[in-house]
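Structures follow.
Both of the next two complexes hold chain A, though its partner changes from chain B to chain C.
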Partner chain A sequence: MAEKNSGNGMSLERIQQIREFSLIGFIVVLSIFVQFRNSNFLTMTNLDDLLTNTAILSILAVGMMMVIITRGIDLSIGATLALSGMLTSMLVSVYPALHPLAALFIGTLIGFISGSIIGLLVARFKILPIIATLGMMNVFRGITFLISGGKWVSAYQMSDSFKAISTGSIFGINNLIVIAVLIYIVFYYFINYTRTGRKIYAVGSSPQSAKVSGINVTKITWLVYSIMGSLAGLSGVLWVSKFASAQSNTAAGYELNVIAACVIGGISIAGGEGKVAGLLSGVLLYGILENALPMINISPFWQNAIQGAVILIAVVVGALIKRKTGSSNKIRRED
Partner chain B sequence: MGKNLENDLTFNREIKAEQEFNLKDFFLQWEWLLLLIFIAIHIMNSQLSPYYLNTYTLLDATMTFLDKAFIALSMTFVIIFGDIDISVGSTVALSSVIMAVLYNAGLSMPLAITACLLVGITAGFINGILIVKFKELSAVIVTLSTMILYRGIAYIILEDQAAGGFPMWFNFLGWGYIKNIIPVILIVFAIAAVIFYLLLHKTTFGRKIYAIGNNDVASLFSGIKVDKIKLIVFTLNGFMAALAALFLTSKMGSTRPNIASGYELDVIAMVVLGGVSTSGGKGKMIGVLLSIFIIGYLRYGLGLVNIPSQVILIIIGALLILSVLVSNLLYGNKSE
Partner chain C sequence: MSDKYILELKNITKKFPGVKALDNVNFQLKAGEIHALMGENGAGKSTFIKVITGVHQPNEGEIYLNGEKIEINDPNDSKDLGIAAIYQHATSYPHLSVTENIFMGHEKIDSRSKRIMWGDMHQAAAKHLEELGADFEPRRRMSTLSVAQQQIVEIAKAISTKAEIIIMDEPTASLTKTESEDLYRITEKLQKIGTSIIFISHRFEDMYRLADRVTVLRDSKYIGTWGVNEVSNKDLIKAMVGREINQLFPKTEKEIGKEIMRVENLSRKGYFKDISFALNEGEILAVTGLVGAGRTELCESLFGIKEYDSGIIYFEDKEVKIKEVEDAMNLGIGYLPEDRQEQGLILDWELDKNISLSSLDKISKRGWIDRKKEKNMAKRLAEKVNVKARSIFNLASQLSGGNQQKIVVAKLLTSDLKVIILDEPTKGVDVGAKSAIFEIMSDLAAQGYAIIMVSSEMPEVLGMGDRILVMRNGEITAEMDVEEADQEKILEAAMKAEK
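Coming up: the complex of A and B.
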């Protein structure tokens, strides 16, 4: 196995290069196509809109990427996001003087707690990620509903400073974009240049070997879900501040968008593989699709199906590319 | 010679001891636990409402949950493989929407029903063929994308409209009684349950499903056509989803693209609470049947005292996790 892997070192690099180039190529072609259909697409205001709207998705995608690298999946993030958004906005409606940074911190903390519960279930009690997160998704959603009593927190109940978290800007760039960029820098460093970050890949490539080589698999797995939860909690505050309304069904089903962006970005669902650069192009493509489809007059009712088809095509094409370069020998069998 | 005999005797004694131990184990089985919970839920419900404990209510209540229970039967097979199918809710929606649209376009009802079942079979077949042909993709990601895709197609067809106006006799599926007391859906479900029980526990097909769940590579080498059986089971799951769609649509009287959302949670909860291990190879049909009625009556009872559906969601979600947690703690986890 070791021999094979070292032999595949080159081709693995190549696959990822092919993948990223074809993604970027596709993004360029798509942009040109949309630009011809609607000349408002490539304007500064629209691009600013596009990036602002994709910021929350991109933040969540970083967390999901780490979860998927460890062979997991997290379906609960939409619910975590709603819970954290609801709690912080209710807090703000009671204490309008709450500092925005404190609100962000509290939201992240709520997310961290939710995520660490899931992490505990998956890492310590060995519950399949899909079962644990499917169950907790409903628990979090239900709690959000119970706490809010089914009522919304609306714009007039939120302080201006709270709403400014997502609408304000630094040097003319929207805060959301700034926060997303900061998070990408931090996690780019974390994933690529810290021991813990590299261990995440080790756990994903082979949990058994990781364990044998002295990595605390339980701890890393727990950490990954806790980070995911924290990012979802942070996103909850950003989301609620951006849309100036918190509801118990906020971001329902949003986890699917995040998973889609990851899969398009080349994060292998089999674990151990995926890069921040790839993820970024996946998120960008997804953001462009969401932004461009309404601009070229595609009915919103088509979006679900297009989304599903895009994920399916992305994973199938990814699998086929890997087969062509002959590196998916780990799982594949001859028929 | 004598030594040999002695060895044999101790050996026999060991076997005997093992059997006795098994007998004790017999009462420690998951299914007995479920039976206790089942009884406890009826006691709780009858405390909650004085109108609960009579034949009519108990039989009528089955109408509220048996539609998704059809999917739980085939989902049991899928989970015994160690796989999962979260596209079932969307399959229900898609087949129901297509049936309604075809009927409204002038097709006769029996033909529309056939179309509904065909759509379910096709949806399941697509899942199966993707999972079998692309082994490097897990069932999670395949059914996740088809879950979005199928519901997306339902939205394309019907947008935000509802479709209905089915003939009167179609209501009979969801609302009809035999001899004025036994719901039609209960009888159909009983037949399906017997078929699935026999299929899983009394046929080679069922034994092969367990074998694949325990070790699919070994199964392949021992001559089991793993791909073919997986394909059949996923197709069957789609078919059962379409069957559930028939009963659900009949009960609702009309259909919308967003029906049956969240069904996958209920169905998976039913199967997992029934003692089917998510790491594959373990679980019995009896357990699943018990847990179908546990979750069904639990929901019904909580509904009787006006507990909001969101709270019921919390309970179902927690139940799902708890049941996996307890079975992992009791029986250990194979995947480790």
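Coming up: the complex of A and C.
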């Protein structure tokens, strides 16, 4: 047996690579174009801004990626984020001395509980993910309204140390970016190099084969929703700290942006496919569009349409690459 | 019944890539007769039916309807010619009403307003159902009916299209005795109004009760046609299995050891009942029977994929419960599923990842996968089962059926097994890979593994098995040592001929 894959067929990894390269190529072309129109685009201040504003989206996208890989979807994360943000900031307004790390931990815990409830509904009671998360989205949003009485928690009610979570920086890099980078490193290794990561892909690629191979499909499914919830909870704290206000309708509809970033990043909604590197380029492209389009004076109405078009192009290009390489996969080797 | 042939097929040959599914088959259906079509699994009955219904077109041969040469190019053609087929599993629309199912595709439409005439349709449906002696409303939802009732709807549909030839594909397979009686009655009624019927069945009682003549297919070939009264059970079974076993099976000398697993009265409602058997080290236990006899379901319960309802399993003299796949794997039971593409492999994964999937614990340390260890293990096992692939980084989808099956076997070998369950291990596998798989099996048995092999292939069962279990309708109807077994005995038990 030869050592290297020099066959006619193309492995999934190769397909992913082509995708990522074309995505990165597009990002480069787009950046040059924008830079040409507005020279403020590629400045340190703007890039710092861009990354800071994309950090929360990117954290949520990691969780969503794992959910989508198992053939699921989570529509509740905007509501989970709001719930966690509201509860944590109310706590901070009562106990201003609460350590920022404790606040982050509490927010994550709230998210974990929310996510594990959804995980239970999907994995244990076999409710379709789209239904279960749609239902829980409304439940979490409702709870947020109830506990806050519809009132905001505003900047003056939050301690400085709490607000510093998102405004502070380490070695001149904004904390949000640092946290996002740490999360990407952790999950890159988790997804690619651990047993559990492998099992997540197996469950999404073929639930039946996974089951016959002795993988506890229920447990893995529960796990991805719990991780998603935890990341949403963490993001809730980051969000309220960043905007220095917690509202009942915080991040309403934000889950769709996250799903869009995943789709651009090549995470297949059909499950089983998607890589962290691809996701990262998808998130970056999404962030650049958000940041750059206003800079070159494109009306906000057009921005949405352009974002939508980019999502569709990403999906179509992905499908075309796959079809092209897929056909060469059909060439069977002679025995 | 007249002597005129309503349907005649002459020298039909149908080839699929690599196989002849029908080889020079002849068939004559007299007007108004009930004609039984019999043969083992894979004898070519289904392909034959599909040729008549226009799903497949024959490569050679001619079809005559009422003496006129015709071509049936698609299922609509056969419908227009008055041919209707009723399948074992009703191909209906479960969420629609009985009326809608009966008139699907030929609804009664008002000629001017192009409106569906619901009233007329319900009335007509009710009339058809009454003729057939059915006791349910045409407005009922299809999914609320029993299998037998759904079949009646399919028959009503055939009548409503004014079909002159009705093909019934194993209609009694999932019916109870009284339901079968009802079906006999309806079939006879159809015959009385002049319909000609082709009746496929594995049950001799169906044939004797209904048919005027019987045609037997074997190994894609036409064997003969007899009047039901002039042929005995024995002759028919002989006609169905009368082949020489000339394949070589690499059965090695080995010693059969002590009992490793014993199953007592294992049952799962609707699938199998009171299954008891023992399995010894180094033994190959062949489980055979017709399709739908409950063999795969039994395997799935032994491996914890579908939980059994009652019964006791002893493993190494200890009572055990197998509720999850993990339970079975911890005991040392391995399973090669019948559907390797759906259940055995992840097709767009590389071979090494496929091989290691059920033993990730072995190649990881504290949850981290050791890629090097994984590759080495995969390479070693791929060589052991002699997979023909360029590298272990090929995708599973790039391999031929036989090599894919070898990968699934390699995957089994990653665990420390004591019992290996192989469900149709040679299904859709070419001859070369087949003998390779048999060699691996013999090898494993010689090393002391206990093997349960489910197979529909008679030569395989007789050639590889040490002991043979025959199942029918979810029950074991015969258990025999291979020395005392022959094809006739096995088929008789699988069909449980009563005459």
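Simple rule for what comes next: the second predicted complex is superposed on the first by the 316 of 335 C-alpha atoms of A that agree within 3 Å, B and C clash if a C-alpha of one lies under 4 Å from a C-alpha of the other, contacts with A are read in each partner's own complex, and residues count from 1 in each chain.
Definition applied: contacts are C-beta pairs under 8 Å (C-beta built on N, C-alpha and C of every residue); 3 or more make two chains touch, one makes a residue touch a chain.
Not measured: the values here are computed from a predicted model.
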Partner chain in contact with A:Asn216 - chain B first, chain C second, else both or neither: second
Partner chain(s) touched by A:Met90 [first = chain B, second = chain C, both, neither]: neither
Touching partner for A:Val139 - first (chain B), second (chain C), both, neither: first
Contacts of A:Arg198 with chain B and chain C, given as first, second, both or neither: second
Which of chain B and chain C A:Ser206 touches, first, second, both or neither: second
Comparison of chain B and chain C by chain A residues contacted: B
Which superposed partner A:Leu312 touches (first chain B, second chain C, both, neither): first
Set intersection of chain A contacts, chain C complex versus chain B complex: 330-333, 335
Footprint of chain A on chain B - complex, ascending: 84, 86, 130, 134-138, 140-142, 144-153, 155-156, 159-160, 217, 220, 227, 262, 264-265, 268-269, 272, 278-279, 308, 310-311, 313-314, 316-318, 320-321, 324-325, 328-329, 333, 335-336
Residue numbers on chain A that touch chain B, as the complex places them: 73, 121, 125-128, 130-132, 134-139, 141-143, 145-146, 150, 248, 256, 259-260, 263, 269-270, 299, 301-309, 311-312, 315-316, 319, 322, 328, 330-333, 335
Chain C residues touching chain A - in the complex, by the definition given at the top: 303, 305, 324-326, 329, 335, 337, 342-350, 353, 357-358, 360-361, 364, 367-369, 371, 379, 382-383, 388-395, 397-400, 402-403, 411, 430, 432-433
Footprint of chain C on chain A - complex, ascending: 1-7, 9, 11-12, 193-196, 198-199, 202, 205-206, 208-216, 272, 329-333, 335
